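Next come two complexes, and both contain chain A; in the first it sits with chain B, in the second with chain C.
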Partner chain A sequence: MEPLIRIRGLSKRFGNGCERCLSSTGPEYETNRCAHCGSVVACNDVSFNLYKNEALGIVGESGSGKSTLVRLLHFEWDASDGSVELHSDAVLDALPELFEHGCMYSRNLLGLSPFQKRQVRNALMGIVYQNPFLGLRMNVSSGGNIAERLLGAGWRNIGAMRRRAAELLEKTEIPLERMDEPPKNFSGGMQQRVQIAKALSNNPLILFLDEVTTGLDLSVQARVLDLIRTLQSEFKLSLLVVSHDLGVINLLCQRTMVMKYGRVVEAGLTDQILQDPQHKYTQLLVASQL
Partner chain B sequence: MRMSDWLEQEDLRLRQGESSVGGYPYGFMDDGAKKDIRRSILKAVAIPGYQVPYGSREMPIARGWGTGGIQITLSLITPDDILKVIDQGCDGSVNAVNIKKFIQTVADVEITNDTLTATVIQTRHRIPEEQMTAAQILVLQVPYPEALREVEASEAETRRMHAEADYSRMWLYLYEDIVNYGEITISYRYPVTVNGRYIMDPSPIPRWDVPKLHQAETLYLFGAGREKRIYAIPPHTTVEPLEFEDHTFRVEDFSGKSCARCGAADTFLDEVIENESGDRTHYCSDSGYCDKRFA
Partner chain C sequence: MLTVQGLSKDFTLHILNEKNIAACRDVSFNVPKGGFLGLSGPSGAGKSTVLKCIYRTYLPSSGAVWYDSAEYGRIDLATLPDRAVIDIRTREMGYVSQFLKVIPRVSALDIVMEPILARNGVSREAARERAIWLLERLRIPEHLFDAYPATFSGGEQQRINIAHAVSWKPRLLLLDEPTASLDSASVASVLEILGELRQEGTTMIGIFHDHELMASVTDSVFSIY
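Let's look at the complex of A and B:
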């Protein structure tokens, strides 16, 4: 089976950079800040594949580059280097201009114009942030939050958009009579579920989950994770799950990557990584959290 | 006279060191300024609905009182032109009269109240009722050129939104309006899509006038002096008000009402409340058209 999306050599550097940045940062040096020029190497040479309907976990402590990775893939930040290619099965019909004639994989998505990047995002990506304030407009109705993505994708029928919003809010267990209320009136768990509904509005193939359960109490965490698992199997989603919580990763993901100081230090099946960690940082992580 | 002939004549006159009207250059502004504004107008015509930044000049009235429109008018006008100036449809309001007097002084043009004989019409917040022709130009005064300002305060961000045609937030604003009030509540400054590309502010004309922008014979020029923007709708351009499939755009409803003076039932009406009796009567907003019918 071919991967849905291929990521090669993805890097992000903040600052001017120098030729010694890469050789003086990383796990061996216990820092991601270049001692010579002060640049921060947030993410360096990250390569992986994401397959259809799989959940890939990314673990690591804060500052390890997990969220940077998601922001690069969601086109919120511009990458310094690397390539992201889509399998033609995914979006050939919707965005034929991304594919050279007869090629199975798209051009490098990181080289697209901002307009094209937004088209790609609207066509196949959804994102759920740790902080609902990032993903939602708190003063706009919950239905409107979902409609925004549909409007961006060219929907122009209020009735159809409201039916779609109602369907998604029902799936995420938000009472429909609260559809026209703004999310600022809701509890943290409900806001997170509205965010999930919004992320799913455009029928994405790939869903980015950035620390979605952090800050929620345990029973709410369990319900949100349960919901994500149900939705994943229902919509055949590929998940990229960023978390520092090995419990969340264990529950959702078949494969896992461990990051430290902007580098991937270990990758493999989640069970393997949790049962038999090879890298000493992973060993520390597993020993301290399980 | 053709514009090019006029420019040649002006050029000659300037080289001879003449200043034509009252010690000022013809049309008040110096030649460089007029050239600059004409260039901005050409760019605006070439990219319908796109706001062209320009160096707005100091005029002898305050910014925000029609200086954008005046600068466009002055940079286009020639002695052969016949000028009409209206303020919310009215030829006789203070703003319109002052602008007319000023332009007449500095450009030595004939003034009219008749839409059909005017060659240049400068207007604030209305488009005349009578159909205009390809030989005429309508200059609209614009207070707020940015249609997206309601939803985004940052100029840098609205420019990005225009550049990338990222208009979902404008549409979301309309969606929320419908959810909250059952219909779109924007009564004037109704946003339109021009030539299938840019969302544009048509200036504070009522909804009634919005359909007149679509596939018109006449060139529409929009000038915002305070905000330093010029934009245009060239003749035969597609102009569509933002609407949903199940909530379509509609104009003001004057059914059952007519002008108390000329009896017109097919014009945009102003409602007037009599002080003593409290009775409501309606009059044509376009005073030139009403005069013509009444005479």
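Let's look at the complex of A and C:
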């Protein structure tokens, strides 16, 4: 099977950069900040494939570059270098202009105009942040939050949008009588489920989950994880799961990448990463798990 | 069906001054199609290591694990790309570990149904029927079907684990102490289910604590020292 999305050499540098940025940062130097020019190498030369209906985990400590990676792929930040290509099976009908005639993979998405990037995002992607304030408008009703996303994806019929919102909130176990309440009235776990409903509203193929269970209490965490698993198999979603919690990665993901100081230090099957880690940092991470 | 050739596994612990642990050394054996091989040897000899190398939870340090796949033909599991390993695990190779790993607050019935639904392309009703049939055979009381296995006894958890692993009838089944922590009635029902799987063509490799039991269920036994 061909990958749904191919990522090659994805890099992000903050600052002007110099010739020595790459040779003075990374796990072996235990920093991502260039000692010579002060630039920060947030992620460097990250390459991987994401397949249809696969959950890929990204683990690493704060500052390892895992959230940067998601923000680059979600087009929130501009990458310094690299390429992101989509398989034609997934999107040729929706976005034919991305494909050269007869090519199996799209042009480099990173080179698209901001408008085109928005189109790709609205057609294919959903994101759930650790902080619901980033993904939701707290003062707008939950239904309105979803409608806003549907408007972005080209929906115009209010009745249809309301039905869709109700359907998604039901799937994520939000009581329908609370559909017109703003998320600020909700508990953290409920806010997270509204975020998931919103992220799913445009029928995405790829869902980015950035520390979605961090900060939730254990009972709520289990429910959100079960919900994500169910939705993944129901909608054949590809998930990119960013977490520093190895337990979450273990339950959701078959493959995992480990990041440290902006580099991928190890990638493999999740059970292999957890039981037979190869890199020094991964061994430390696994040995430190409670 | 499966030929292990000169398999060795070393663990290099970078966080303990590069300490090296040799978990198994130069292991070679062969399992014919439909056969059942037992692995015996003292604690720490590397029996589980061999199973985990075959399943690729461990990356073998050297040697080969030749497997005649229904989908890919003859392949070396030791060096197979991750994505293909996932595919083989999904379609052909099952593993019963000594521990149950599940999402908290998912019911026993759902846990056993999940692999059937994910693989065999059967209806929800048929998957449910098979899962209930297995749980009943494994003597799980009916009132536990909709309960969460995290709260079960060790023996009950182990039987859920077995039901989960055999429910989709894998072509190759790896068993790491599947009957440890079970009472004799449950052991008998597990062996019965394994026997039926064999009749349907499943090839097996197993580690059993109890030597008499191992001798009675397997065709041959390979000793690891």
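The definition used in the following text is that the second predicted complex is superposed on the first by the 289 of 290 C-alpha atoms of A that agree within 3 Å, B and C clash if a C-alpha of one lies under 4 Å from a C-alpha of the other, contacts with A are read in each partner's own complex, and residues count from 1 in each chain.
Rule of thumb we're sticking to: a residue touches a chain if its C-beta (ideal position, glycine included) is under 8 Å from a C-beta of that chain, and two chains touch if they have at least 3 such contacts.
The structure presented is a predicted model; accordingly, all values stated were derived computationally and were not measured.
Which of chain B and chain C touches more residues of chain A: that partner is C. Within the superposed three-chain model, A:Gln283 lies in touch with chain C and out of touch with chain B [touch as defined at top]. In the superposition on chain A, A:Gly102 makes contact with neither chain B nor chain C. Of the two partner chains placed by the overlay, only chain B lies in contact with A:Gly152; chain C stays clear of it. Overlaid on A, the two complexes show chain B and chain C touching no common residue of chain A.
Touching chain A in their complex are the following residues of chain C: 11, 13-15, 52, 56-59, 82-83, 85-86, 101-106, 117-118. Listing the residues of chain A that touch chain C in their complex gives 1, 49, 51, 218-219, 222-223, 225-226, 229, 233, 250-251, 254-255, 267-269, 271-272, 275-276, 278-280, 283-284, 287.
Of all residues in chain A, only 114-115, 118, 137, 140-141, 143-144, 147-149, 151-152, 156-159, 161, 180 touch chain B in the complex they form. The touching residues of chain B, counted against chain A in their complex, run 160, 164-166, 168-169, 171-172, 175-176, 178-180, 243-247.
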